[in-house]
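Presented sequentially are two complexes of chain A, the first with chain B as partner and the second with chain C.
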Partner chain A sequence: MQWMIIGQMAVSGAAMGFVYALVAYGFQMTYATSKSINFGQGELVMVSAFISLSASDMGLPYGLVVPVGLLSGAALGLFVERVAVRFALAQKGEGWILMTIIVGLFAVSAAENIWGKDERPFPTPISRESLDLGGGISVTPVELSVAFGVVLVMVLVEIFRRRTLLGKAVDAVSADRDAAELMGISATSAIAISYALSGAVAALAGILVAPITSVGPTMAATLILKAFSVAVVAGLQSGSGVAVVGISLGVLESLASFYLGSGWRETPGLVLLILALALRPNGIFGTATIRKV
Partner chain B sequence: MNKVTTLLLAGALVGGISFEAQAADTFKLAITGPFSGGSAPMGGSMRDGAKLAVAQINEQGGFEVGGHKMRVDIIERDDEAKNERGALIAQELASLEGLSAVIGSVNTGVVLAGDKFLQEKKVVKIITPAAGSASMTQWVNPPMQDLYMFRFAAADGIQSAMVVEEAGRLKFTKVAVLHDATNYGVSGRDDLTRRIQAGGKITIVATEKFNIGDKDMSAQLLRAKGAGAEAVLIWGIGPELAAVANDMAKIGFKVPLIGGWTLSMSNFIDNAGKNGDGAMMPQTFIEESVTKVSTAFIESYHKAYGVSRIPSPVSAAQGYDAVLLLASAVKQAGSTDPTKIRDALEDLREPVAGVIATWNKPYSKWDVAHPETHEAFRRENVIMGMVSNGHVVFANPDDRAHLAKH
Partner chain C sequence: MSKRLVTEAGAFALMAMMPLFFGGNAYGMGLLTLVTIYAIALIGLDVTVGYLGQVNLGQAAFMALGAYAAGLATMSLGWSMAPALLAAVLVGLIAGAFLALPALRLEGPQFALATLSFASLVVILLNELESVTNGAQGLSLVRPLLFGVKLGPTGFYWTCLGLLALLWLGMRNLLSSHWGRSFEALRDSPIATDAVGLSVYGRKVAAFALGSSLGALAGGLYAFDFQYLQPDGFRYDQMVILLLGVVLGGRKSLWGAFLGAGLIVLLPNLLSSRPVFETIAAVGLLVSLVAAWQRRGDPGGLPFQAVAPVVATGLMVLGGFFVQSLEDWRKAVFALILFAVVVGLPEGVMGYVGRTLARLFRVRRQPLPEPADLNDVLPIEADRGAVRLAVRGLSCRFGGLIALAELDLEVQTGEIHGLIGPNGSGKSTAINVISGLYPAAAGVVVLDGKVLPGGSLTRAARAGIARTFQNLQLFLELTALENVMVALRHVYRLPLPLIMAGFGRREEAAARAEALALLTLVGLGGYAGVKAADLPYGTQRFLEIARALACRPRLLILDEPAAGLSSPDIKALVGIMGRIHERRIPVILIEHHMDIVARLCDRVTVLDGGKVIASGTPEEIQNHPEVIRAYLGTIAGDRASAAVTEAQPC
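Here is the complex of A and B:
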């Protein structure tokens, strides 16, 4: 009985963990190229989910809803880069922190006015009927689709970065911006691409998680904090690291809410965050950067 | 006094009088409730039901006050189900010139935060559809002698008794109690626990809490499942109730979900989909054409708001009937003075034919020892409803037959 419960909680938690990992992965992409992250990433998740929901309401089949969502996410990512990040980076300032937060707040107000404050269900053709994994542990196809989608998109992005010219350009800017620019690579474009990718990844997170959590203007408020913890704990460089940390955090949260009570659900993430900041400020999977002065 | 001042004074007097006359032409009624957020289906339906009644009354010229008709002027306020906003709105309404009555409130916490301001200023309020017991019992201790608050909803005391009764009828001996952490959920849990202990035949094997906004209920449900619960008795609102129903399906915990009337909210039914089928809850009104009056009401609601389903039929019907009760009380009082309206409500001489029932002396003189003097609903006005295919239907066909006869 006890093992069954632990197993069940782990399975439910892992599904959410994959989503944390995916959002954290979006943080990493822009951090790699520009050393900036979008603090309004959660709002990108939310707005993309709403756009996908509207597309679905208009009668588009799920097979088209997903690309529409991903494209709108990419477009929103580009928008954020253009209005909130580019100027700040050009001035070598930290203005993007406040600017991305402001764009995020704006997105929440816009969503409340366009789509209303209510939580709405997200239609999906994927079944919610639970499947028995044996031993009394069950999982729903919707949860499996989250895991599958997250792994798939991470693999695709890695292939993009390693195998395509554009991806290699983005990678080169991540490795050394000045050297890359000397080789004729436009750092600005590479950063813009990384923001577009990051936006698409956020949109995918929204589409995948919406059938589980429903869609509302505040759907990503807690999600984004967890994702941020994951990114910091894992380190802002390691892609596989965020996956490991994200899933572990999801599982830990589930177990904490079972053994300590549901009110303690958020604690493992915060404890992990504090420990990581104290013991390994570059993250568990991060590498210490040497700053030459 | 020179000419100019005299003129000014006369002008001011005339202006004052004409203003008075204008104010006296309309009856000021405030409608408050959550029109956005998780409680919006209840708040919105209540408002729309009440406005439907007002529109129909205004078509006939308005409320009858002392032989002439007064148009009803509605003031709407969205409290967003937030206690602090509710308090601010109540303060605003309490200081509003010429306001005679308030109808509304969905959330017990909002009632507790705001009603004291209305009571202080002696504004009549008909609370609907907030069901939490505390809304009325707050006036018992410390005792309030002269109460202007009336409730027009099946109080949680009645509802919890029915939920426990239903669990007993289905021969369950072990149940889990789940509730949200709001005033509504906690007072629901207390009511349920008291009823179950008083009954003695059922034991509570798990008591679990969740917060507004929680999506993952598997921890609480696994504990309930592990403890061998045969039914889940629940007190919460739509979105979280849906999360519970969905997670019950996910972990294969196939037991009946029985709870407060909130299980009929559209955001429960929609978000839970077919996982919500079979959920049972006390209802004061079912959106089915049973009687001539209910058919007419449902049709005119659908037509007025362009919907094919009322988001919360109970709230809509209660909002509608509350306005009818108020209209009757104003007519009997022959005045817009809240104290006279209060006295009339406490002693309504003419029966009021509403969509839920024909209300025959729903209230009596406020008695601190018996808070039910300001409660309109009795056990016999409430029936069990059940979710089936996205609609709430009669859980017990006998209730339908019984209603049809009247």
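Here is the complex of A and C:
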């Protein structure tokens, strides 16, 4: 009995864990090219989910709702880069943290006024009926679709990076911005591309998680905190590390909320984060760099 | 009394008289009190955001901790106001240090994320520990007595204002002291701050804890002001508001914190009145249009910095026409104002005002003191011919590359020891390992008979190794004098509380005199007040030498001091080296100019491929076949190498 509950908790926790991993993966992309991340990424997730919901309300089939959501996410990512990041990066400071928070603040306010403050369900053609995995553990197709979508998009992005010229250009900027620019690669465009990709990835996270959590202005407020934790615990340099840490965090949380009470749900992530900071400040999968003079 | 003190005293007197105008108006008094409370929190936040240059998202949580500590101390333990506030400060200090110890090893986004997570954790704890905090239902409390006196609204306001005035003085003493300067130094070059032996990390932790304790104090006052607490009052929104205050008011400025506090308290009230909002928006649009007009001639079209504020304020004006309820769009309006200010006035309102004032009224520079006696600043070494530095079997590897293999080296007092070799021979690696920048793979560095711990610039510097850098590492925004003062560790001994209490002035005067003596030694006496960034290149190199000397080195390492110098500058360098030699300070000199090496060095060690290939007097080295081969390669026969020897400038 005990083990069955733990197993069930682990399965449903892992579904959320995939989403954390996906958002954190988006952070890792922009961090690689520009050493910056969008602190308003949660708002980006939320706005993309709302846009997809509106598309669905207008009668578009699910097969079109997803691309619309992804495109709006990419467009929002580009917007954030242009408005909040490019100028701040040119000033060589941490100004972008504040600027992206500000853009996020605006987005929340706009979403509240355009779509309302209420939580709304997100329609999906994927069944919510539980499938029995045996041993009393069950999983819903919606949860499976989350895992499948996350793995698919991570593979696609890796292929983009390794196999296409554009992807290699982005990777070159990540490796050495100055050298890439000397080879005629525009670092600014590479950073913009990484923000667009990161936005699309965040939008996908929103679309995948929306059937589970429902859509509202604050839907991503806690999601994003955990994605932050995952990114820092795994290290902002490692793409595969975030998947491992994300899924483990989802499982841990689900167990914590069962054994300690739902209010403690967010604690494992935060405790994990503080432990990681104390023991391995560059992340479990990160590496320290040599200081050069 | 200085003009500044008069202005400040005037401002505080005016604030203190405010109750005469608002005395009967409870609402007005409430706002005034809130301004002083927020000002305290913002001064604390400015320590990390302004001086340490890190985005701190945890101050709202420290306010929460302070508020609950003070509230629980009065309600559960029955403490009166003063001890309850002290408890809040202590909680802030301890929690601040607890967070800072791991978090300040991080930079930029990771630091911001760590503080953000801490803040969420605090809110969760306050919500969930219901037996202590009463959880989400909130905690009601009664304002306790202050030294047996029951405080009404006016009395409590004066208490807050008094505390603010005390903290204002204390922070100003601290920030204008060696502490404030070392934060600026840290921002310009962390490596050089380590290399002069300042424990940067320790100072950052102390500063963060101090800033956090101010947040907690503000939280305690907040608790006694509202007499009702809820964990959700200290969430993300509150943190954004605090950051808004610092950025709007202006970083690194006490006045900025004060102004920012006023703005964040008053803005919600101003926004609730439509005409006032429309006026603010229109004035903002006008100002940003004028600013954009002034930059119309910029090459490459109008910059983002000019366009963005126009768009943001333009949206506000449009919003004023079309939006039904401004209250619903409150966050968006905040965001637009913040955006316009952050982009258009990156230094905040006070930063802009300060710069304008400085342009209108020339600021009188502090007069320079008499330089101290050089024999006190840099005593002549007494022991002669003793071994100061002994390096045994020192190796260093980068992955598979062996950059340094079993280096043995001895330097005696009074000796200038040359370290030469072709590019890539391991000279720089050698001194980077000796000075603690890189950890050694094997071998020991012994200074004064003691083995150095290795792998830490700071510890090596504290043991007495001072160095310069081939690629200059100056504190560019500080003046030449301040660059040297940062390194005068032995002068600054007072602990932080005494500095805040204003006892640091005597040390400061002594440091200025000593720094001037060292600048004079390297021939920069006339440049004391010039910003390091504005000095000519050669002079910057000499400034680095002066800064290294300020550490009172047991061993001085100069990494290619003549690189890129013009010939008059090289003459000056030789003069400086001579004066250092007179004081019998042992020196390791890396240099490519053979004539300088031959003229200055007592002994020379030659490296090639990470190994010592020769050592001896300059004459012995010049004729050493291995050295010639390393520099010029082997050409068939003796004839060629004889010709090469003649061609050598040394």
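Just so it is clear, the second predicted complex is superposed on the first by the 292 of 293 C-alpha atoms of A that agree within 3 Å, B and C clash if a C-alpha of one lies under 4 Å from a C-alpha of the other, contacts with A are read in each partner's own complex, and residues count from 1 in each chain.
Keep this in mind: a residue touches a chain if its C-beta (ideal position, glycine included) is under 8 Å from a C-beta of that chain, and two chains touch if they have at least 3 such contacts.
Everything quoted here is computed from the prediction, not taken from an experiment.
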(message) Tell me which touches more residues of chain A here: chain C or chain B.
(response) C
(request) Could you look at A:Ala49 and tell me whether it touches chain B, chain C, both or neither (first, second, both, neither)? (result) neither
(message) Just to be sure I read the superposition right, which of the two partners does A:Leu105 touch: chain B = first, chain C = second, or both, or neither?
(response) second
(message) Which partner chains sit in contact with A:Ala192 here, chain B, chain C, both or neither? Use first/second/both/neither.
(response) neither
(request) Considering only the touch criterion stated at the top, classify A:Leu22 as touching first (chain B), second (chain C), both, or neither. (result) neither
(request) For A:Val68, decide between first (touching chain B), second (touching chain C), both and neither. (result) neither
(message) Contacts for A:Gln8 in the overlay, against chain B (first) and chain C (second): which applies, first, second, both or neither?
(response) first
(message) Just to be sure I read the superposition right, which of the two partners does A:Leu270 touch: chain B = first, chain C = second, or both, or neither?
(response) second
(request) Please write out, lowest number first, the residues of chain A touched by both chain B and chain C across the two complexes. (result) 261, 263
(request) Could you please specify the touching residues of chain A with respect to chain C in the complex? (result) 31, 35-37, 39, 83, 86-87, 91, 93-95, 97-99, 101-103, 105-106, 108-110, 112-113, 221, 225, 228-229, 231-232, 236, 261, 263-264, 266-267, 269-271, 273-274, 277-278, 281, 290-291, 293
(message) With touch defined as at the start, can you tell me which chain B residues reach chain A in the complex?
(response) 36-38, 40, 80, 208-211, 213-216, 218-220, 222-223, 226, 239, 242, 246, 249-252, 267, 270-271, 273, 275
(request) Write out the stretch or stretches of chain A touching chain B in their complex. (result) 1, 5, 8-9, 12, 16, 116-121, 128-130, 132, 136, 138, 140, 212-214, 218, 222, 254, 257-258, 261-263, 265
(message) For the complex, give me every residue of chain C touching chain A.
(response) 53-55, 101-103, 105-106, 108-110, 112-114, 116-118, 120-121, 124, 127-128, 191, 236, 240, 243, 247, 304-305, 308, 328-336, 338-339, 342-343, 346, 398, 432, 437-438, 469-471, 473
